[in-house]
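Chain naming follows the written order as A, B, C and D, and within any one chain the residues start at number 1.
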């Protein structure tokens, strides 16, 4: 759990700290998109960490290829705060909401694909997983696939209506 | 302990480093609120880490719901440096001390609530804790509840007298 | 894997986030060297982490000297994002591409040397490695040496043609 | 070792990256105090980590008081990059070299004191250490005490001659 402790601390460490403002409350309320973005990033990465923790708890042994797939997955996870911050900044910026929504849903889709890939790899190499864990696999793969499909739809919607796409994103979480 | 090592290092890494100043001592002394805030954040998170470590040492198994409660708790812990920095900046800023004091005591209260929630969840699901640890539980829950109540009072006081509220916060630690 | 999770998150956390731009897509596309540098740093450090993980999995015991060699190796690994960012910034800057290419290939060479040193130290102190792992050692040392030689050539080429040197770097990965 | 990997990466991540400079080599050479400071911080924290790792390897059980002493020690360790950066910046700034040298040697002295305290606490509570490790204790305590005394002298010298004090610091390492 220390790993989660460390990551999560870093995400929030750079919350904006207005200096010497005569209207602290107003300034803080005005910066809500920044706080919202950090909250969403935190929750997203935290929930992914829990899912990943669940998957890893049934893994008995790791091979090099699985490490490489994990690296790809982690790359995408680590990118999450970036489209999230852009989405918070641009969601209410008229025409610029579209690229932000496409980028956000696209990142989530890529993450879903990489996570599905991890599950599938483990399913096909059952020498890597403990015998007790094997029956849980179809459920895990199905959940990862469904999430991926849902984000695929969210990417499509993002081109038409950015706000509807964000609503779909929120519903998937 | 490596986890603590990592977090703690990050907190202090961004101490202000005045460049090419002709009066280094004076500049450093002038920045004391910033150093005080880092010291308080460090100590607070460190002591929380020790409390959390104590709680976790009696846990034998973890379930998904407990991970989610922990995530909520960690979210609040990770926010701590932010109201602490605002408190250090605004404690002596007249009217702006009030929102800073409310925010600080409120964060601490939220942390106390989440920690109490963790204890209560473990107490009710004793399949998660080792048998040897069970007798220690009432004490843990009581400490967490008392801390939470004390911060509730500190939030109330913060609306009347910000400095008195900070004094109560310090006494609770 | 939590350690990797933490490092990797940090690398990408500071992707540029343009504020209130009226041309979000164009601005993002314009910043591609910065994204490319983070992607390359991420992949490089991730692959090194996998190699290092492979080496460590055959280590049974650690002595003080091995920790010092590891410290040197980690120092160089941690420097990687810096020449990578400079390379992305200066690769297309005419005469300034040369120092950037020399610095990049030189960092990689230093990393290869430190990694070879780690392997050689373990090979000579076989009380530190498990018996089952011993046969894998000649392969490990040879791979580390070959990589080091290749980067030596890349440093040489960097003085003549920076772009050719980057191409060699990419081929070695 | 993942913990070390994480910390160390963070230290060097913020090396200055000059943008679009027409004289990259000259700019980089000009920034040597910044690089030197990072190298010294890295080496100092790395060597402390090795010492601390050596101490912890003989610890069998941890109590609350020992965690609190460790927290104090870690607080000082995490501060190290800050006086190091100030020392690199002010060592050649005439009169301002004195406060920088006092601050640097003072931080090192505080770290030595906290480390000695850790060793002494373990020595007096031998229920916390494994039996095999007990004979190594007098050596550990003596080394920690000697280092502390040496830094005490370095603090004294810093008031008279900052550069001589830095030379003593380097000799102690």
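In the analysis below, a residue touches a chain if its C-beta (ideal position, glycine included) is under 8 Å from a C-beta of that chain, and two chains touch if they have at least 3 such contacts.
Predicted model, so just to flag it, every value in this text is computed and none were measured.
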item	value
Copy pair chain B, chain D: interface residue numbering same or different (half cut)	different
Chain of greatest Cα-centre distance to chain C	B
Angle, in degrees to the nearest 5, of the Cα rotation that carries chain A onto chain C	90
Whole-Å separation of chain centres (CA-atom averages), chain A against chain B	26
Distance between the centres, which are taken as Cα means, of chain D and chain A, whole angstrom	37
Contacts with 2+ other chains: residues of chain B	2-4, 6, 10-11, 49
Touch list for chain D against partner chain C, complex	1-6, 8-13, 15, 17-25, 28, 39, 42-43, 46-47, 49-50, 53-54
Chain C to chain D touching residues, read off their complex	2-4, 6-7, 10-11, 45, 49, 56, 64, 67-68, 70-71, 74-75, 77-79, 81-82, 85-86, 89-90, 93, 96, 99-100, 103
